[in-house]
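First chain A sits with chain B, and in the next complex the same chain sits with chain C.
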Partner chain A sequence: MSLGREKEKEIRIDDVSMVFGRKGREVTALSSVSFDIYRSEFVSLLGPSGCGKSTLLRLLADLLQPTSGRITIGEEVPREVRLKRKYGIVFQSPTLFEWRTVKDNIELPMEVLGLKKSEYSAISNRLIDMVGLTKFKDHYPWQLSGGMQQRVAIARALSLDPPILLMDEPFSALDEFTKEKLQLDLLDIQKQTNKTIVFVTHSIPEAVFLSDRVVIMSAHPGRVHSILEMEREEGSYEQIRNSGRFHEMTAKVRECFQLSKQQLHA
Partner chain B sequence: MKEMTAMNTERAPVSSSLAREAEVAKSNKTKSASGKESRNVWLPIGFGFLFLILWQLKIFHKLFHLELYQLPLPSAIAEAIHSNGDLLWNYSLYTGSEMIGGCLIGSAIGLLAAIIASFLPKAGKGAITLLAALNAVPIVALAPVMNNWFGDGVASKIAIVSIMTMATMAVSAYKGLRSVEPAYLELMQAYAAGRFTVFAKLRFRLALPAIFTALKINMATGIIGAIVGEFFISSRGLGFLLSDQIKLGNMPIAWSCIVIAAVLGIALYYLIQLIERFAIPWHAAQRKQAS
Partner chain C sequence: MSGWLRKSGQGSGVILIWLAGVLALWEAAAWYINDVAHVLAPASKLPYLHLVLEALANHWSTLAKQGIITFGNSITGFLIGAAVGVALAIAMSLSRAVELTLSPYMIASQMVPIIGLAPILYGIIHDPAMSRVLMAGYVTFFPVAINMLRGLKSIKPEQEELMRSYAASTWATYAKLRLMASLPGLFAGLKLSAPLAITASIIVELMGAPNGIGVLMLSSLYYGSSQVYMFWSTILMSVAIGLIWFLLVTLAERLLTPWQPEFRQQGGQEE
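Moving on to the complex of A and B:
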């Protein structure tokens, strides 16, 4: 990899298939998907609706179990990883608890784990600062904008300091400007924390901007079409977005994306 | 627009623009909510007074061809309440305790049934449907049986009100406990939360609005149950006095029972609403925002 990072495999996805529905009415959501994700890598799963990208994320999270194939995270199966709370998850909707303040929402995973308030209060305060909500820690979700709510969800996902962060189209419901801010903040957070991030999206520029690698998936049945390495640059949002390299990579991804669709209709 | 360009060229401080956004949202909400609130209070009070004035001016008597002994004037009812104050107060407490006692017992049983059923997804639904059938039992049939079982005192009326209220609570609370968006359940599953944790931290909190709604309905049902229960066999209470005085043709006192029962029902309804506002402020706020 161009980043010169040590290539240590964190997640191995080996010939994974997922079939929904009963006999006679099966829908194949994923068909023999195989690839690896490295430690501290930012990987986007990109594809049209129906390509099984969210399903794949749920398989990693052990919220679904594959029909066949094998997923290994570290040395463990997803179930062990989930029970040991080794990943954090962010959904498209913030899924905040309306009766809890920002701080209490962030503390939920630590509370569920059975930690004491005195142990985790400092942690949640630090996370609140990290996502820029210091002034809002006692606000309730309905008092926050959509972008702020999603910040709370990200902080909550980081609260147990898991090595892996799973994100299912976390910014797709936000307006363009909020999305930009959150994308930048997410990259910042990854730089600070070295998390392995698996990020589901249907936006090509978002995938290119954020990722070390983009996994392009095709639909019906869901397959991996190709995996492209991105070259991340340093610089401000505008510098990166206006750079020739960014446009080059976006074009490349778009081309693969089109190819994957043509295959479908051919 | 200035803010946008600043953001694009460098990392603008996030919190300042966020702060403004939230302040604007907040002030908009509070303004519109308080305006609506006061209108919501004064309109019904105004109509109430208008109704009383029309009644006192015998407009209804003319409209429906009623005599004064059939529909006493508000002033006569007020006088009857005043001169029988002690008796009415005692009977109100008597009937009120039947109503509240029955409501609380019935609602508690219904809530417990809903909670147990919520832990048993398949069998639970059937059990709740069965319990809902209790709503179909007519109170007129129930009252003599309960009097026969528990005597003519408070106990039989509490039993009647309990039976009348438990199904409403069970059905409503069960629905609240089961109506959790899938993403929230996935979230709890992702954090390896057990079933009891999901119940305590998520399901029960989400069910609170439905539980309070059922309580409010049950207070109204409860007053019917208590009064109709007293019609059959009783020697005390508002229902007893009402049927007794109608037989004697003493309409102002009969009407004071009706007025007090109505006031009791409304007062308890608002008491529950007040408790609800403190217990689930997030829900009240949401509703205001939505309206």
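Moving on to the complex of A and C:
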């Protein structure tokens, strides 16, 4: 995973601030945030609620515009990236269209792009197989469990094969077992597709388990407190979760969290 | 599919039992009024149901002919009113300024009692068919516009963000998301206004049209007790027309929005 990292910066976040609200009642969601994300890297934005991690993700997605600062993705600004459909996004809720079947939901981005059914039917079938929903492709969202719905959302985000995947707490509403399964699946998908993944979460173990690097953010105002390199290991879920190194890294992240809180109160 | 059939089978079973109960109650009440209580002009209070049905059968061709006239006009008006309602809802959802400008007029329009508006309208255009169509449309557009607008606005912020992330045009966002999400609201409005449209047409007829079920209703009222069974027949006919139209709209809803919670047949799936 760490192979291409030294080579290419994919996303540059340069002194970005975001202030919501009108004059006199401003809320600073992000205060001069700067860091880079490398190509094919898995980066988690980790922090308590109110640290601006979801806001930062929406800035990358051009769903919000920063008050100041600059974001560059490749050589382009987020708006161009959005117009060229170079990212896929997954939210905390699956956000499926309830009048569409699994297959139709996955095909939505390709339909909007104006591709022909004959062109995208094979793509959606392959994605359905990849997320393990072959038997459910003609089911409606309400016929699926929460985990299956989120798989559909992931497949949909991958349907235009974008180089970047933006994920906003995608597993936080799921039960532990489903979450575990989907985390492993996501790592598999990344291994297969080499996507750059920006992953918002408030779970320390989740961030440690998934990421190449963890960006630890503090709240009020949202800032980057520190960025920690993770050392990803090979092995089964249990092996990794029970390994000394996993615990070491989790402890390290937790320590940074404590530090960021102390700074806040100081 | 079999689940759906079973479910609707149960539903019609309940309706049949309920209907039989009401009919039996009607006959019993009519028997009390006509043969036990000895009230004055009992048949005009509540006639025997079997005598009403007999009148209905005897005058079937007249009733059906006039019924079809009323039904045809009110449906034309209903469809036009629905189209206007849909267009208004879309315009209002596209622009807040349009919504703020139109809302007061729309609300004011519903404050005018149709029983007062019908004779004015008929006085102006003097065309019974056109008056019926216009009145049916008039009572239809408002519930349709309001409910459809609510549907158009019911989408979640994340659904809209998703469409933005696909760089979807306004047109695509409407076609793929907003209009689909508004269908349950649209049908709620249509179901509200379906019986209203029939009633509005009948009111125009009561105000002086040359034909239609309302005219039969009025003339049979004039002739007092001799026409009392005919009068009740026209009432039954109006109910039947309203009911048929309501059921047709409900059927269309079931076919076009099968994903709505009340049409679902099985629970969630475990992973």
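Operating definition for what follows: the second predicted complex is superposed on the first by the 260 of 266 C-alpha atoms of A that agree within 3 Å, B and C clash if a C-alpha of one lies under 4 Å from a C-alpha of the other, contacts with A are read in each partner's own complex, and residues count from 1 in each chain.
Criterion: a contact is a pair of C-beta atoms (placed from the backbone, for glycine too) under 8 Å apart; a residue touches a chain by one contact, two chains touch by 3 or more.
Note that this is a predicted model, so its numbers are computed, not measured.
Trainee: Identify whether chain B and chain C fit side by side or clash on chain A in the overlaid structures.
Mentor: Aligned on chain A, chain B and chain C clash with each other.
Trainee: Just checking: does A:238 make contact with chain B only, chain C only, both, or neither of them? Give me first, second, both or neither.
Mentor: In the superposed model, A:238 contacts chain B only, not chain C.
Trainee: Pick one for A:89: touches chain B only (first), chain C only (second), both, or neither.
Mentor: both
Trainee: Looking at chain A, which partner touches more of its residues: chain C or chain B?
Mentor: Of chain B and chain C, the partner in contact with more residues of chain A is B.
Trainee: Go through the superposed model and pick first if A:14 touches only chain B, second if only chain C, both, or neither.
Mentor: neither
Trainee: First (chain B), second (chain C), both or neither: which does A:76 touch?
Mentor: Once the two structures are laid over each other on A, A:76 reaches no partner at all.
Trainee: Let me test your reading of the model: by the given contact rule, A:185 touches which partner, first (chain B), second (chain C), both or neither?
Mentor: The answer is first: A:185 touches chain B but not chain C.
Trainee: Check the residue A:36 against both partner chains and state whether it touches chain B (first), chain C (second), both, or neither.
Mentor: neither
Trainee: Touching A:104, do we find chain B (first), chain C (second), both, or neither?
Mentor: It touches nothing on chain B or chain C.
Trainee: Counting only touches as set out at the top, which of chain B and chain C does A:134 meet: first, second, both, neither?
Mentor: First partner only.
Trainee: Residue by residue on chain A, keep only those touching chain B in one complex and chain C in the other, then list them.
Mentor: In chain A, positions 58, 61, 63, 82-85, 87, 89, 91, 93, 95, 97-99, 108-109, 111-113, 136, 139-140, 142-145, 147-148 sit in both the chain B and chain C interfaces.
Trainee: Which residues of chain A touch chain C in their complex?
Mentor: 58, 61-63, 82-85, 87-89, 91, 93, 95, 97-99, 108-109, 111-113, 136, 139-140, 142-145, 147-148, 178
Trainee: Touching chain B in the complex: which residues of chain A?
Mentor: Those residues of chain A that touch chain B are 58, 61, 63, 82-85, 87, 89, 91-93, 95, 97-99, 108-109, 111-113, 132-136, 139-140, 142-145, 147-148, 177, 180-181, 184-185, 236-238.
Trainee: Over in the complex, which chain C residues touch chain A? Could you list them?
Mentor: Spelled out, the residues of chain C in touch with chain A are 156, 158-159, 161-168, 172, 176-177, 180, 183, 257, 259, 261, 264, 266, 268-271.
Trainee: What does chain B use to touch chain A in their complex?
Mentor: 4, 7-11, 14-15, 18-19, 21-22, 25-26, 181, 183-184, 186-193, 197, 201-202, 205, 280, 282-283, 285-286, 289
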